[in-house]
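Each of the two complexes below includes subunit A, the first together with subunit B, the second together with subunit C.
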Partner chain A sequence: MLAKARPAAPAVGRVRSRRQQDDLVGRLLLLPALGVLAVVVGYPFLRGIQWSFTDFYLLKGLTDWNFIGLGNYVKFFQDPKTPPFLLNSFKWVAASLALQFTLGLTLALLLNRPMRFRAVYRALVLIPWVTPTVVGALIWRWILHEQWGVVNLWLMRLGVVGEPIQWLSDSTLVWISLLVMAAWRFVPFWYVNILAGLQTIPREMYDAAAIDGAGRIGSFWHITLPFLRPVLGVLFLLETVWRANEFSTIWVMTEGGPAGATTTLAILTYQTGFLFHRIGYAASMGVSLTIMLSFFAWYYLRRVRMEA
Partner chain B sequence: MAIRWYRLARRLPEWGASALLAALMIWILFPYYWMLHTALRPQTELFTTDIRLVPKAIVLDNFARVLREATFTQTFVNALIVSALTAAWTTLICTLLAYSLARYRYGGRDLVVKLLLIVQMLPGVLLVIPLFVVFARLRLINTFTGLTLAFSTFAVPFAGLMLRGFFSSMPVELEEAGMTDGCTKLQTLWFVTLPLSLPGIVAVALFGFVLAWNDFLFALVLTRDTSAMTVAVQLYNYATSQFATDWSLIIAGACLMTVPVVLLFMFLQGYLVEGLTAGGLKG
Partner chain C sequence: MRGTWLRSIWRPVLTVIVTLGLAVGAVPLTSAQGPVEVLYLSTGTTTSEHAWNVKWINEFNRSRSDIRIKMEEIPWTDLLTKVAAYHAAGIPPDIAWYASSQILEWQTLGLLEPVDEWLGETKKEFMPSILDPKVSDVIFDGKMMGVPFTYVGRNLAVRADVLRAAGINPVTLTTWDGVAKALKASTKPPTRYGTYFPFADALRTAGAAEMYFRGFGLDGIFDVRPAKKADYIKTLQFIKTEVFPSMPPAVVSWRYVDVLQAYVSGLITVHPTGSYLFGELQPSNPEVMNIEKTKNLPWPMVGNSKGILPMYTVGYVMFKASRKKKEAAEVLKFFTRKQSLLEWPMNMVPKTGVTVADRIQVNMFGESMRWYLRDWEQMMRTATLTRRIPYTPSGEVNSIFRDALLKMYQGRVTPEQAYDEISSAVRPLLKYPKY
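And now, the complex of A and B:
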């Protein structure tokens, strides 16, 4: 802003002002990183949009494609098999957010109270976040293994169930397994951000509320939640986008199965592109996903605070 | 008597909270316990209904077996190399970017930050399609170069945003002192800012390493065989191939894959919160 207000007068001839020279150096420092992003994100992204309007088919070759206008998009949205996949995406995002928010908030509230070993708990809670997705998904698959998984063996030994529960091969139960695993993986992110929000609430607010006769629940509704609103707003927006884009967790856990029960739009895009080699068609799905998420992304960018 | 009951009732919420916390901690930590439990049990005792919380015998056989698999050690080393490369070079270019964003005052800096945030929100499954085609044409499929470039798509925005946070939180007075002594801004970066922020920069590099190490999608699509494949993809391959029933081996491999990140986790303790909130996630 200062740069704009400053008159350009000193930059006469070849003599640059200190200020302008400074700005130039600053912009030059951006170049390496932005250049890399242009090559590995910008260019592929534009190519992806371009190819979404083509019949690009990998088995026909890497350079042999024709423009077919909106053909892929029309085909995708007219296909009667499409709505269930969109519904799966919606179910996945909505249920993930609801579960992860609830558990993240609970953990943050629990670990915001004074207690012994609090630092230890706070560190342990974060481990799933650094654990590789593949490791997390495989260990949960093993825990929930139908025949030899510890959950089924214990449930049967305790006599809770007679038959092994089909945690991953039943089209309804698979959602529970997937959501529990995903929550395990992503709750730390919610927890840390919510805890950071809780720590900005001044103690005096609660003291004042207590004097006014507010109980625990009252002060939660009238102090905690209003204070958390900004951070929860951006969290929900960002997580909507991230969960909708999620591939690895679902793929390693279920591969979109059984029988497509957990195939979200992101999973479908991968399958279309790399199992069926329909690059053009897959690109149109990916672009559709991006367009559907752009509202959330736009709103997120408006709400997020820019200062570091 | 009545008073005692009243006291008890008052303490109930406390007990309830403790019980809830205990349940949640078990949910979070049990998978790790079971991972060790499975890896340390003899393979012969894997398929048994006589399941015990504490295993009868502890053996290291499964680790020895997985380490004898050339496909495992090879992909493990591949992942170490590619992750280190990704961490090193993204930290280098992002230090310049972040310093510029935090200390220079030209217009359009917010736009750059927004750009980084947008890149973080693009679907990986969309990006990987054209990346695959372009890399296939350039013969970058199944190469360390290709993987390192692909990992930059998420490592650059992350490192850029996190480093910007570090530089912004550093007192500008020290640099001003350097400039009064006649340094240019770039010289202050080299002689004042970098040495002071070295711990932060190392932390960002280690985070970059973890992100690359944990990647699955890009490595799945952009590698073909064990000459460039990462261990994440190899573990997944075990679980879906001839080893599919050998859970001792798979889980032992998973344990080993977790070791580097847990070690880094301990180093990064003090930076974890910054790392998690680095997306500029301030409402």
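And now, the complex of A and C:
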């Protein structure tokens, strides 16, 4: 045995060396992409952090700024307008996720069952996802337009309401409008990921559970959901970050209105930086949002790891 | 071993090097041998403005082998940010459009190149009022910092057909009483309303409100001087009692596009606007831009029966940091020749000796524009011409004003409280005018 094992040693070394070479080649090939990322993401990110400690204001000078320490952060967290905007961000993220998760899961469960034209339905569901966000938001804006929108037109024609519903002008209804649009746009992403997760669950698990007397709800709770946990974990993490940073949907639909009712932190950052030209202050808002989201991601991943 | 390693790596490394080399090398190869590129930032994003721009750019590029114009179209609201970004990146733009607030902001920042010397004798062709330091918005410290390509007037456009149907003679809207009566008479919810504030758009809300503030003797929405407090509150009171009840509830979420659609469909009757309205609407809605349906009037003014027309210019500026001033000046001269200005689809030509007939002959709208230009010719003869006063920081001031006005519309504050809210927030911000 030993005599036979000895000649194998150089082969193991060759394999290791080959792996090291592949590893090196892989790293080298990553360099151009990393270089581009450093320029278009890394540099602006660091610059943003730097500016967040300055009084950079475009109308004072394009290169004329002073370091003011934590001044912008103190101002931001002491501003009485900040809590409502933070609350708006929280409402938007929480409600979007709840609605999108529910609808995405329902759709995935439905379209995971055998049925005629299943492939067609599966493809149709993806249409909103491939529609550009701005286009989708503009279409929804017209659909819900108080004066000329098709929803009000039909509600009035059918005699359901006597006068136009203020879908985008009422500070409560505007949230419903936004959430419906966001669900239309983003549910397909949930659906497609959950469906992929569902298809990894072995059929035998359900057969065994059925033999043991488990019902549909029992199977769902004890087999489907636990198997979907890794997919859902990633989805919740990604979607929280994406929704918190969401700009296009809200801006195109409402521009943060009416009267700031749908102004989230992302919208506020844009307004402060690009409309009011207060770059330093806007940078501090962006950095604050990044810190909050990073903290959330760290806490969430830690919980997931602990549970695993 | 070494040989194997090298053999495995040389192909990918070489591919990366060659690709990068080609990408980097491609830039100097093309730019070193080609014409000088002049970067031109335009905010002319409407159909007719775009068409005009493209036509003259192509014409210029065809006629010159040494200079090439590269146009970038951007919205007014992003112009300063874009200019700042270009400057910060070390590649300043050469030419950009300005309106009154932009030229003021850039001048305050010291970004502008005086264009007097670059224009030479051609500047004498501009209307004297445009070059008069007392009324001009392009003269700073005696130097001409911008080249106007159009002279814009702010006015009131009304749906004459709707007013007549409501028993109102459109010309009675030259007084505030007349406006109040017309708003009341033309409001029949949910299909007819008097006027609007597009609350989702702070810039346009401030623009629409300007009529009331100028007409009540203030310099504008920013005029929060304590001495003018009573006039400011009186204006807000007029808006609250006479204007708000005539607005559709949906205005809370309206933007400018909604305003135009509302005017075209006859949903609203009274539209505080500017001399650009014809060029904006004619291409898509010629059925409304005619003498039967649209009547142009000056803004009413307390104590002035002739009414007022606040005027300003829109034109081009050249940036001090531009590295191609000589070429940029060539472009400016070409763009502001009488020939190209006559074809400009909107407003008035800022040059002397231009008649309505001159414009009809070459303008893209031809005969259909005659009544509109005649309206303006007559208004400019009879009404009091005044300068539209720019202010900075306009974006932030507009937003503060819009928020307070919306609160007043929603019944959350009184005119007095709205004034207090606006004045306390605006006064510390105002860089110009200093009140």
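What we mean here is this: the second predicted complex is superposed on the first by the 269 of 308 C-alpha atoms of A that agree within 3 Å, B and C clash if a C-alpha of one lies under 4 Å from a C-alpha of the other, contacts with A are read in each partner's own complex, and residues count from 1 in each chain.
Criterion: a contact is a pair of C-beta atoms (placed from the backbone, for glycine too) under 8 Å apart; a residue touches a chain by one contact, two chains touch by 3 or more.
Just so it is clear, the model here is predicted, and its values are computed rather than measured.
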{"item": "Combined model on subunit A: subunit C and subunit B, fit or clash", "value": "clash"}
{"item": "Partner chain in contact with A:197 - subunit B first, subunit C second, else both or neither", "value": "first"}
{"item": "First (subunit B), second (subunit C), both or neither touched by A:259", "value": "second"}
{"item": "Chain touching more of subunit A, residue-wise (subunit B, subunit C)", "value": "B"}
{"item": "First (subunit B), second (subunit C), both or neither touched by A:120", "value": "neither"}
{"item": "Contacts of A:62 with subunit B and subunit C, given as first, second, both or neither", "value": "both"}
{"item": "Which of subunit B and subunit C A:211 touches, first, second, both or neither", "value": "neither"}
{"item": "Partner chain(s) touched by A:283 [first = subunit B, second = subunit C, both, neither]", "value": "first"}
{"item": "Contacts of A:30 with subunit B and subunit C, given as first, second, both or neither", "value": "first"}
{"item": "Touching partner for A:17 - first (subunit B), second (subunit C), both, neither", "value": "second"}
{"item": "Which of subunit B and subunit C A:158 touches, first, second, both or neither", "value": "neither"}
{"item": "Overlap of subunit C and subunit B interfaces on subunit A (superposed complexes)", "value": "22, 25, 29, 32, 62-63, 145, 147-148, 274"}
{"item": "Contacting residues of subunit B [partner subunit A, same complex]", "value": "13, 17, 20-21, 24-25, 27-32, 34-35, 38, 46-49, 51, 92-94, 96-97, 99-107, 110, 112-115, 117-119, 121-134, 136-137, 149-150, 152-153, 156-157, 160-161, 164-165, 167-169, 185-186, 210, 213-214, 216-217, 221, 232-233, 235-236, 239, 247, 250-251, 254, 257-258, 261-262, 264-265, 269, 272-273, 276-277, 279-283"}
{"item": "Subunit A-touching residues of subunit C, taken from the complex the two chains share", "value": "1, 4-5, 8-9, 12-13, 16, 19-20, 77-78, 80-81, 84, 87-88, 105, 108-109, 111, 189-190, 199-201, 248-253, 255, 258, 261-262, 267, 392-393, 395-396, 399, 403, 406-407, 410, 431"}
{"item": "Contacting residues of subunit A [partner subunit C, same complex]", "value": "17, 21-22, 24-25, 28-29, 31-32, 58-59, 61-63, 145-148, 163-164, 166, 168-169, 174, 254-255, 257-260, 271, 274-277"}
{"item": "Complex contact set, residues of subunit A against subunit B", "value": "1-4, 22-23, 25-27, 29-30, 32-34, 36-37, 39-41, 43-45, 47-48, 51, 56, 62-63, 103, 106-107, 110-111, 113, 121, 123-136, 138-143, 145, 147-148, 150, 153-154, 156-157, 184, 187-189, 192-193, 196-197, 216, 229-235, 238, 241-242, 244-245, 247-248, 251-252, 266-267, 269-270, 273-274, 279, 282-283, 286-287, 289-290, 293, 297, 300-301, 303-308"}
